[in-house]
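Listed below are the structures to be examined.
Two complexes, one shared chain (chain A), two partners (chain B, chain C).
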Partner chain A sequence: MALQSLDIKARSATTTPPPRARDPIHVAKLIDISKCIGCKACQVACMEWNDLRDEVGTNAGTYDNPRDLTAQSWTVMRFSEVEVEQGRLEWLIRKDGCMHCEDPGCLKACPAPGAIVQSVNGIVDFHQEHCIGCGYCITGCPFDIPRLSKKDSKVYKCTLCSDRVAVGMEPACIKTCPTGALVFGTKGDMIRHAEGRIADLKERGYANAALYNPEGVGGTHVMYVLQHGDKPELYANLPKDPHISPLVSLWKGIAKPLMSLGIGLAVFAGFFHFVTAGPKEVEEEEKAD
Partner chain B sequence: MTNHWVDIKNTDLVLIMGGNAAEAHPCGFKWVTEAKAHRKARLVVVDPRFTRSAAVSDYYAPIRAGSDIAFLGGVINYLLTHDKIHHEYVKNYTDSSFLVKDEFSFENGLFSGYDPEKRSYDRSSWGYQIGEDGYARVDPTLQHPRCVFQLMKAHYSRYTPEMVSTVCGTPQAAFLKVCETIAETSAADKTMTIMYALGWTQHSVGSQMIRTGAMVQLLLGNIGAPGGGMNALRGHSNIQGLTDLGLLSDLLPGYLTLPRDAEQNFGAYIDKRASKPLRPGQLSYWQNYNKFHVSLMKAWFGDAASAENNWCYDWLPKMDKGYDLLQVFEDMGQGKVNGYVCQGFNPLGSAPCKVKVSNSLSKLKFLVIVDPLATETSEFWQNHGEYNDVDPTKIQTEVFRLPSTCFAEEDGSLINSGRWMQWHWKGAEPPGDAKGDQEIMAGIFLRIRALYQKEGGAFPDPILNLTWKHKVPSSPAPEELAREFSGKALKDVTDPKDPTRVLVKAGEQLNGFGELRDDGSTSCGCWIFSGAWSEKGNLMARRDNADPFGIGQTLNWAFAWPANRRILYNRASCDPSGKPYDPARKLIAWDAGAGKWTGADVPDFVADSAPENGMNPFIMNPEGVARFFAVDKMAEGPFPEHYEPFETPLAANPLSPGNPMVRSSPAARVFKDDWATFGKADKFPFVATTYRLTEHFHFWTKHARLNAITQPEQFVEIGEELAKAKGIKAGDHVRVKSNRGHIVAVAVVTKRIMSLNVNGKRTHTVGIPLHWGFMGLAKNGYLTNTLTPFVGDGNTQTPEFKAFLVDVEKV
Partner chain C sequence: MQVTRRQFFRICAAGVGSSSLAALGFAPGEALAEVRTFKLAQATETRNTCPYCSVGCGLLMYSLGDKSKNTETAIFHIEGDPDHPVNRGTLCPKGAALVDFVRSPNRLKHPEYRAPGSKEWKRISWDDAFDRIARLLKDDRDKNFIATNDKGETVNRWLTTGVLAASAASNETGYVTHKVVRSMGILGFDNQARV
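Here is the complex of A and B:
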């Protein structure tokens, strides 16, 4: 299966049109929470493949460790103990990480040209060499995923192993998952796989089992099978109807043109000044230094 | 496992009890998800905690730690009273029809023959009635009051749903729901698999818990069937190999047994073990014991072992008592042990009652540690603050550390839970001065042998005559050892039916244990492994996963002992006429045309014995059938009976409240001084249980950074109700105390540990993961076994790590 096209579909703060000669194949990772045992093998595989080593932390009274996403932890398990009905306990374990939105708020918000790109296959990738560390992507993300590194003031998150996918391999987390809770393929195949899982869950008594592929962000390239699709918030506050923050629209819709205009005016004023006043004269003493 | 990992995909129902497969065996657990996905199998979990396995289960029932026999006894009672058993199977393939001696009795919690002084039984009344023909008497109608079926029914009639709820704390509705689900698999074409692990083993009645599970499976006809069986999930990748190869103190390789002190006569030693059939037409395969034993002695001592010297029988140690882990540390504490070699073992962390272990190690003259890691045991003498508060100036033990390789740094075979012997290849060179275990042992052996050669000694023969034919004597190769345990012909081995026909030529590797002889013409280091390395080569190294029958048996993947057989007792998957009980899951069947048993697996049977011959499927047993009545095999009695853990919140055993002698197991060994170390419920009111986590492997992976990152710091789990009563919030530090010591850890406050009503009293459980210590990269912590009691199972002496008493307080 040719999933490896990394043609760029969108690039932050750039208006160059994307290549369109090839038909896109959309990829997706499907996380079946009803099969997840929370073993954290995916966390370890992610750290190994991506050369990440977080701090050896502490225990805060839960199984969650590392406690949160960081620049060194691109995926973490979030454990939730819930009683959906009286007397029936469930331990819902959600692998958290970048959702690879079809309409990525991070990319929209990013002012640094090429720091965030979206491949035609749906992967949203951060190119840290272009990142200016402004953190707008963090505001732009409806899932609270990107993390600013204290080491280099750049932002990091899951790449969906774009480097592996580019050469026809599945992401590291998929390869390591022992129970098949994580699967990877074309988005169409993953939706069909999810339908089978949802039918099975309904037969086992989960009437509201559903696929999580939220429309508010144009759908995602990381999707969940939820036993309780009507209550995503049970899963460590997975947003029910995620949308890109209005601040990003403000930035894109009004603020950015205004600012661009401002920059343009400044440039124009500078040019006008140069034309009228000529180049800046340098004092003799300074030259001697 | 009677079955194996892949076979779990063939099941209709998975019962996880006494284990937590998703947590401790995440890779094998994939076969549970396969069964769920492709057979719509259901998963039921019974556990004191709502575990990671429970997180993906269809039904969960809570149970008080240590009360599993009461629960399973209740299941037996349910199956019998609701007539939900596999009748044909129970009648034909079990001892249900066998008549038991009239002297056998059970009263007030005790079986006949108990001696309270010795805390053990005279087991002579625990047997069958033997007829004049020398065979056991039977009543095929199962009506005789002394038949096993009726005695079993009477015994478990006391295990009512009310009693189960009283003892286990499981709500009656939940217990009955589990019973109903299990009972569905009594249908001939339905199976249940039981996946258990140390949650059953590590109790003072652990072996009997497992037996009770096996009895449930026999009643349902689930032993021998694909997707069925009793499946022990082993905790180390090669711990199955450890027991198979006879590394327990009372075993020889292949489950042959060491003689006891009284067994000085070789013939009597063999006769006792080579059991004759107890019913007509039965195989009783242990009749061949002598062939296995003689071939072992030939492997060990070569030409020195001959018929004239009884194959060196006099050289074998004769045991005065067991030398299990607890006994050795007891003896060490009494100053009876001078030196101890700890190879791949960390007893300061892994043995119960750390203070006793530490005191015992302090009495040694020398301690040798062979390990890839700097273990806590190797540092037992060093002060590590609150975690190991000892005074090094008072400890004179000299400690030697010999760095060894880990599994990935050597070739060899590992045996998994499913008895597959899988060859593996070195992935990396060992670091620094680390040497392989064989090399280290060879170094010690060759030096000792040289000393014996030079200086003589009291008893040099076994050392001087030990077979040591290695290309590089100082470094025996794994391939050489594998060929030795698989076995070879020393002279031509001929067909007993046609002595002119040579089966294996002298010097060739054997094809299997069927070729072993008791005349010294074969050599085999472990009879059950025989054939793993034949003239065809190293069959353990095979990696063909072709599955032509689609039932997951993959006979060309590695080698499964015995005889490459994947499912034990597979003859019992067919009815007496040889037809599979479930044609859709055909494992083997009688092929009348070919005159043999054929199918997807190697038949666990005489391949050409026709069904009308009447040979029964349990060919290792002299009865030919499986036992509900364990005769004299178990220390506590022929039927499993519930006894409380040695530390229990209950004042009496609810099944025999009037008899203080049977509150806890009357047949468990307790050393004199240890009685005083047991705590009582007035000071230590909470039930504690220890276990491991997915993120770690025992005390190893705290040395690995990735594991340390995913689970960095010691914690204990406390239910919300207890936490509220004690004012403990998640993330607080708490002190957990037993009568033997204390640990301090972070509190994880959880809904997943429920408080239960046990015997009319609210009972709380404290869950204690075991992985931390004072060495490694994770945050330093206390060794969990600071808390656990020094008592073990009455048969295996496996310590009671899973149920004891503690108190908890906020620090």
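Here is the complex of A and C:
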């Protein structure tokens, strides 16, 4: 029995398989963009729960505050004013943050053992005590989410409140949301909930309403209900078909095994040479060194 | 310890070799990890009402320690009360930030008095504050109370003083406040909850 509150599915730079006998429920966060009013209660609740306080920023001409995700702000509302068709302006507000991919690019790219851990329930969590601050997870993330802290050179992002979920509670942002735009439950229940919302939106004239649960990263444990599901890029450049950068598979899939092979061959060649040719004889004059 | 040039090379080679073996996966780490410890596990939970607006959301306030004799409590987390019928656990951004309001250095914690024309706020005791408020109320009411109107009808009005009540009061407190204020004849009566 492992001394841990969440069962591990994958751990960065680790080849030992985790215990796999148990299969706890798979959780998901559903963000219904059509219900969000952009009040930012989720941003506040996130900082409050996680004991973070970002600096008071400056106005950049939009309601985005802070302007971007930081090591202290793990979720940020992104406001997009979009003319979806001639004369019809829509204000699309997307809660940005970690998507908790089923196939996490950050974990694949991470070279530090145990710095990134994926739980069986779907949470992808960063463990800063093992983080070496290389920033490869930032390259590996298809959604550009992790942020390197200037204070301690460690990378931070949303944990889906793994400490709350581990004791059976919902994440802090979900609990606080006054409009019910954020919902939390099992992944199956969240997909069913989204289907109901999409049917409602279609009745209201949003013919392309859809669930955002991209297959390119194996599905996500943070999903969106989009009014314009055919054009996710309208929502502050949400990628239409996110994939892990080919650099990650080039490095981890080709370069790293080649390196291991090279080291192995060098050791084997050295040992073979030692057995066949024996150690180099030491000249008498060199012995005096 | 004496190390010859050749021995030094051997030590280096052994070091590089063993670390390479670890890199090849012969000494992997255990696939275990622990999440951050749940910080509310044994904290003291106290119910209250949000002080901001008229919605009157229910709060759960978590403070350090279990109220044992030698512990100085301090609120470190506030979230919505899921059993409260008004908000059912939700809070707006202002309510969600209440812990910083509670711990703000600018928070008013005791009665203060600023004399007319003065720029300075002076701390006074609750007794002094109550005495002064009662004295001024009585003087003003004695001077300006209107018992009857022009036609001689009883009206019992007191129009020169107003009362503003707080929103975080319970229904019972609100009922009593209303009775006290109206029985004195005050008409200018409002609640911060309407703001």
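We adopt the following convention: the second predicted complex is superposed on the first by the 254 of 289 C-alpha atoms of A that agree within 3 Å, B and C clash if a C-alpha of one lies under 4 Å from a C-alpha of the other, contacts with A are read in each partner's own complex, and residues count from 1 in each chain.
The rule is short, and it goes like this: a contact is a pair of C-beta atoms (placed from the backbone, for glycine too) under 8 Å apart; a residue touches a chain by one contact, two chains touch by 3 or more.
Since the model is a prediction, treat every value here as computed from it, not as a measurement.
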**OP:** Have a look at where A:Ala172 lands relative to chain B and chain C in the superposition and call it first, second, both or neither.
**Re:** second
Original post:
For A:Glu90, is the partner it touches chain B (first), chain C (second), both, or none of the two (neither)?
Top reply: first
**OP:** Name the contact category of A:Arg164: first (chain B only), second (chain C only), both, or neither.
**Re:** second
Original post:
Touching A:Ala28, do we find chain B (first), chain C (second), both, or neither?
Top reply: neither
**OP:** Applying the touch criterion given at the start, work out whether A:Val44 contacts chain B, chain C, both or neither, answering first, second, both or neither.
**Re:** both
Subject >> First, second, both or neither for A:Gly61, with chain B first and chain C second >> reply: first
Original post:
Looking at the overlay, does A:Val120 come into contact with chain B only (first), chain C only (second), both, or neither?
Top reply: neither
**OP:** Look at A:Met223 in the shared chain and tell me whether it touches chain B only, chain C only, both, or neither; answer first, second, both or neither.
**Re:** neither
**OP:** Overlap the chain B and chain C contact sets on chain A and report the shared residues.
**Re:** 39-41, 43-44, 48, 178
Subject >> In the complex with chain A, residue positions of chain B that touch it >> reply: 22-23, 26-27, 29-30, 33, 36-37, 40, 50, 52-56, 58, 60, 694-695, 705-715, 729-732, 746-752, 777-779
**OP:** Mind listing the chain A positions that touch chain B in their complex?
**Re:** 34-41, 43-44, 47-48, 53-63, 65-66, 81, 83, 89-93, 178-181, 200, 203-204
Original post:
Can you name the residues of chain C that touch chain A in the complex?
Top reply: 4-6, 17, 20, 23-25, 28-39, 41, 77-80, 82, 87, 89-93, 95-97, 99-100
Original post:
In their complex, what parts of chain A are in touch with chain C?
Top reply: 2-6, 8, 11, 13-19, 39-41, 43-45, 48-49, 113-114, 117, 125, 127, 159, 162-164, 166-167, 172, 175-178, 260, 263-264, 267, 282, 289
